[in-house]
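Residue numbering begins at 1 within each chain, and the chains themselves are lettered A, B, C, D and E in the order written.
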């Protein structure tokens, strides 16, 4: 069983799906949509197989390693550990839902190319999450931009192509800066013997401090632009505003995770000393992101823009969790990545439904929707509360873990991070109030409630939020070994005393 | 007076050169004695055939070399080959690789030259170059459907120069090869069938600046000869190693040589000619010239600077740094405002020259390289391959987009091309992505290669800048893609003419190569690695 | 590498300065006198050929006629046309006359003699590249002609100058090729050594074709009848010196005659054994090649050539320009090339003893046939290439020697053509004055 | 005899040529300046050959002359076409590239 | 170098003579210039109007110039070969034959394509 290249299959299915969809005869949108959804569903199969055969705490599994470009030391190497697995599962679940949610909406553009690009994006994202070779990672990391770009610029609202260009420039800029570091890794590994890009080989290297720091900066900038983090976040709001909600889901809930995923995998995994060195700065940036994102979100009038900016705040928390360098923080951050994916996806999709119904994205022009569309209002409230970290919903668990770790790192860090809960409550509840409550506006009197398809797309997400809110352990069990493994590189042992971490970071900061 | 010794010539190793030369001469005879009606056919067959034979001979020679030694010797970058024709020409691994590359590009270029369907049955070259534009003579030549079939022998002569240029092991041969390469190109640049004034201007500009640059090269060569007392690279290297005085002379000499060579590759600040020439020249020529000239010239740069001046690295590396940075910045920044596709590509080629130079300045001595690590020669050769193929392909696509006045190179007229002809627009977009260095295209692997050698040699500022410029460049290419796909055409849309098999083949080959080299570059990299080092 | 110490050249470069000056003055005087004599000689001979008497008033036999002509020119008005480029106009006669004198520096007039008590060769100087030196210096004279024509500011002058330069450079090639065979046999370009090499056999005999080609070319080189097209008074008035008067005109005249003497002297040196007595004379008279006697032989041979020049002038009509150029380019040059190849082959074979004499003759015969084919075959079919290739010029422009006309000239860019569908009439397109211009096209025609 | 004066002369000639190329506007003059530069190179080559006592430089000078000649031919052809276009629309009679 | 000093003497002499005689003529000669006299003479008729900037030179002359340069260079290569003919022997002959062959190709081309035709 394990000899079979499941991961390759996992990537190949959506990739082939994308090609097939793209090559379908033009003009037959319905067929394209069915084929696309079918392929997305088919992708679930290898993902489920992988998940089912995954042994907890067994390190990297389902590995496939082939020489690719020997002179560069690059390999076609795939594998999953806990971190990768949850990301893969998140991706394969979200994509069919997005497709389903965009079923009618995509008719406005060219449904064939929309579905093809979505599948392409899925394939590339899966490759990113399963790559265990830095070169391969980089290649697919950049390759995700192409489908993403076309999804943004091809579908959505007026001004999207500008937003798409902004998105691409940020990502490309970050990516190329990362290229600098990727090449640097090559040079380092070549100097140490023979060049190899396998993460396992690179992790074994002893890279000197200055070099590490340079490489770290390159990687971090790229991931920060991807995640996004203050001050590289400005593309986020524009993009989510202009793109379709479906696209936003893929971008924010899947693609942006690559950023935080990469920070864990590469910054912490390969460049531990530099990560410690950079921790103070990163933590401060993360805190700024948290507060700034929340405040800006409060002031937004555009629903999609608002949701996009809340993500900035959430990503701040995730990064904070990663860089406080503790077991709790790491696990919390990874779990947060999953939860954020689910809750934000739900928010985006519901917001999309709202916009389709009201014909506007402006909060000021909505109101009283809970009377005409109670189900819509209900699911929006649940998803919103999840995003705000209401106890009993899964983001709460992760948020608490992160906050604990933050307090463990420094009291002020924890204190600032905690404000996020208050601010989140403000922006979510205020938005709910403005859109759902109050008198029904004249022009919105005819709004109908969610139909079954729409409910079906949101329901799994809400169920997951609730279930994981009460039983987070299955996911945490998957995550913890991987996080511990990564943190052990940084010198953090499972559940270390907070003082030690403090000392270690101070040491790093002094250097 | 020394006793005269008959020089020996290694005919076998030089056979690709000789075949091309013979075919070029034969082409002249064909021009003189074959009736006009049959000339085109004969010339096309002769040109393609001779280039293919030469290519086959390159392979044969390469096999012969590897047959003598074990493969292991070639794998680790050791030099092999012969110093031919009494020390004036070197046939070694890199030479053979560049020969092969130039010949492939020449084959594709010749295919573009042979294209006749786009202009309704005549070639893209002027019917009668001597007829003044707008004159009665020109009208007659148009009505009679005359063609200049001389372009084929001229092409072959240029190819001959390009083969000789990177193989030159002697300053004199270097100079002569440069001229053999350049002179036919000057003429060809002025032979466009449409927009003849532009074309003639391009030829004049190219010629005057080209001659100016070669004068610099020559004076540099003279000074270097004055410094070393010999024209041969080996002896120059010897002198550079051993002489302690005359630093100033050497510095000036190297500087002037560099000016000449940088001009040929179109590196800033010696790039002024390239946008005008690229734009004015007939597009098939632009395609061939942009690709092959750069390959040959960089081959020569590599050999001159690595072999002859390798021990004087400290004095020329800073210059390379500056020129590489300038080329990247100027090429990219000036490309931003361009409204003409050919000019845009021209500026991008300036930037590419900078990228390749980034590879060149990543030179390290053999001892500094880890086993299996990419060397600068390998990186540059690989980049040249990818660059040559994608540039040729891009220009070939340009030649397809037309309206009543011939080719439509105005960018604004390309709006909506993606709907008009998704295939052609797609191909062009792909080439642009490759130029931007997006992964899974050959451009990415090439960029990776040159950046990594530069970084390994400690040129991180250049690499950093190169990376930043790549972002800007990507934005520029993106604008074109957006234009083609997301913009409505204003006015009547350009028509994509159906090309004949010639152009179609050229585009298909370059497209496939760009993709394959992006996804599976290993075979080519192995080939580059087996080319090994220069013979010193 | 040659140095002054080698071989026959050792005799040169040793003279004290005063001897050099004396020799230079002597050469100068000889040339001036020779010119005066030649002009008289020409007029007398041509007169005789035309059943006239010629000049016979001034001096004995009219010998001082030329001198009086020169003196008269000295008192003529010196006119500089207002259209002329004054500096160049004044410089041109200088440029033409100085090289004419200078070329004689390397012509050997005789062997080593006792000159005022100093043993010195009768030759101003010699050098390893003497013949090349002559050719090079003589070429400078062409500048004089072109510049004279150009600076006059007159159409006829310019055309004369151009014609002259075209003609001179055309014939210079065949002249140069003719000399190659000589160098091959002499193994040197030093005039003294070439003369030495002809000790037993004149090159004019063994290299007869070279000699013939050289003689024809030298007539062309000097713009003399029947090749005197630059001064074809029927077409061009006076050619390049139309606008010159007075002493400046005299300079042109002087230069022409010195050049005549120069090419004759060179022919003598290269082909007719130079100052050496004709074959056989030496056997009859031991001292024929000693002392000052060789000067006699030299000038005798030289005058022979001069006479030939005059004879040609008196006999032959002037060629048409196209005939003249075609003769140079299509007969003389291929002929000279073929001959050089033949000589080279024969000589190398005899050097290496590759073949016996019989084979040699056969091969030579074969080569001659090949050369003949090369020479004559293309000219038969070379005219109209194909019946379809109509001449393009239909506007009735004047044939080759066109005066400069600007009437009807259009300033600025002309309109290029677009090509219609096959059979359609081409339409003109405006625009295209520079890069970046929008392409404005006619809407009527479209090939796509 | 020292070759320095010759080198200096060649440098001066080269500079004059280069400055001419950069400052003059007439194509023919620019072209002549380029030729001047080439000849300056020749002078330098020959001088250095004398200095080093070998023939490489002299041989090179020969080749440079050839190249210069070829350059003249090509350059004249190009300049001529331009001039004919720009100065007049009248048809000149045949030229080399007629057919 | 002494080989060339006498040449200089002759140059000085010739130039001196030419300048002196021209200068003398300018001094001695009468000066009665008038407008007509200073016009281009041609042959006494009204002078042809001069084109701006010196006018154009018929293309044919350029082609002659171009062809000349090629052949002149050819001779430049033949001369050293001729002088060292005996030493170079067969090698030289073959090399020169190849060289001439190539020149002949260009020559044949030019001839066939009308480059050597003067109407």
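Basically, a contact is a pair of C-beta atoms (placed from the backbone, for glycine too) under 8 Å apart; a residue touches a chain by one contact, two chains touch by 3 or more.
Just so you know, these numbers come straight off a predicted model, no measurement behind them.
Trainee: Among the chain pairs here, which one is joined by the most contacts?
Mentor: Top-ranked chain pair by contact count is C-E.
Trainee: Would you mind checking which chain's C-alpha centre is most distant from the centre of subunit A?
Mentor: Checked the centroid distances; the maximum from subunit A is C.
Trainee: If I average the C-alpha coordinates per chain and also across every protein chain shown, which chain's average lies closest to the global one?
Mentor: Of all chains shown, the one whose C-alpha centre lies nearest the global C-alpha mean is B.
Trainee: Calculate how many whole Å lie between the centre of subunit C and the centre of subunit D, each centre taken as the average of the chain's C-alpha atoms.
Mentor: 25
Trainee: Per the centroid of Cα atoms for each chain, what is the distance between subunit B and subunit C, given in Å?
Mentor: 46
Trainee: At what distance in angstrom does the C-alpha mean of subunit C lie from that of subunit A?
Mentor: 89
Trainee: Give, as an integer number of Å, the spacing between the C-alpha centres of subunit E and subunit D.
Mentor: Distance between chain centres, rounded to whole Å: 17 Å.
Trainee: In subunit C, which residues are in touch with two or more of the other chains?
Mentor: 1, 385, 389, 392-393, 395, 399-400, 405-406, 409, 413-414 - these are the residues of subunit C that touch more than one other chain.
Trainee: Taking each residue of subunit D in turn, which ones touch at least two of the other chains?
Mentor: Residues 70, 77, 84-85, 87-99.
Trainee: Hey, what residues on subunit E touch two or more of the other chains?
Mentor: 56, 58-60, 65, 72, 84, 108, 111-114, 117, 119 - these are the residues of subunit E that touch more than one other chain.
Trainee: Sort out for me which residues of subunit B touch subunit E in the complex.
Mentor: Contacts found on subunit B: 4, 6-7, 25, 28-29, 31-33, 130.
Trainee: Under the stated contact criterion, what part of subunit A meets subunit B in this complex?
Mentor: Interface residues on subunit A, with respect to subunit B: 67-73, 138-143, 145-146, 149, 153-154, 161, 165, 168-169, 172-173, 176-177, 179-180, 182-184, 186-187, 190-195, 214.
Trainee: Residue numbers of subunit D touching subunit B in their complex, please.
Mentor: Spelled out, the residues of subunit D in touch with subunit B are 7, 10, 14, 17-18, 21, 27, 30-31, 34, 37-38, 40-41, 44-45, 47-48, 51-52, 54, 56-57, 59-60, 63-64, 67, 70-71, 74-75, 77-79, 81-82, 84-85, 88-92, 94-99.
Trainee: Of all residues in subunit E, which touch subunit B in the complex?
Mentor: Listed in rising order, the residues of subunit E that touch subunit B are 59, 84, 87-88, 91, 102, 105-106, 108-109, 111-113.
Trainee: Under the definition above, what is the set of subunit E residues touching subunit C in their complex?
Mentor: That would be residues 2-7, 9-11, 13-15, 17-19, 21-22, 24-26, 28-33, 37-43, 47-52, 54-58, 60-61, 64-65, 67-68, 71-72, 75, 78-79, 82-86, 89-90, 92-93, 96-97, 100, 104, 107-108, 111-114, 116-119 of subunit E.
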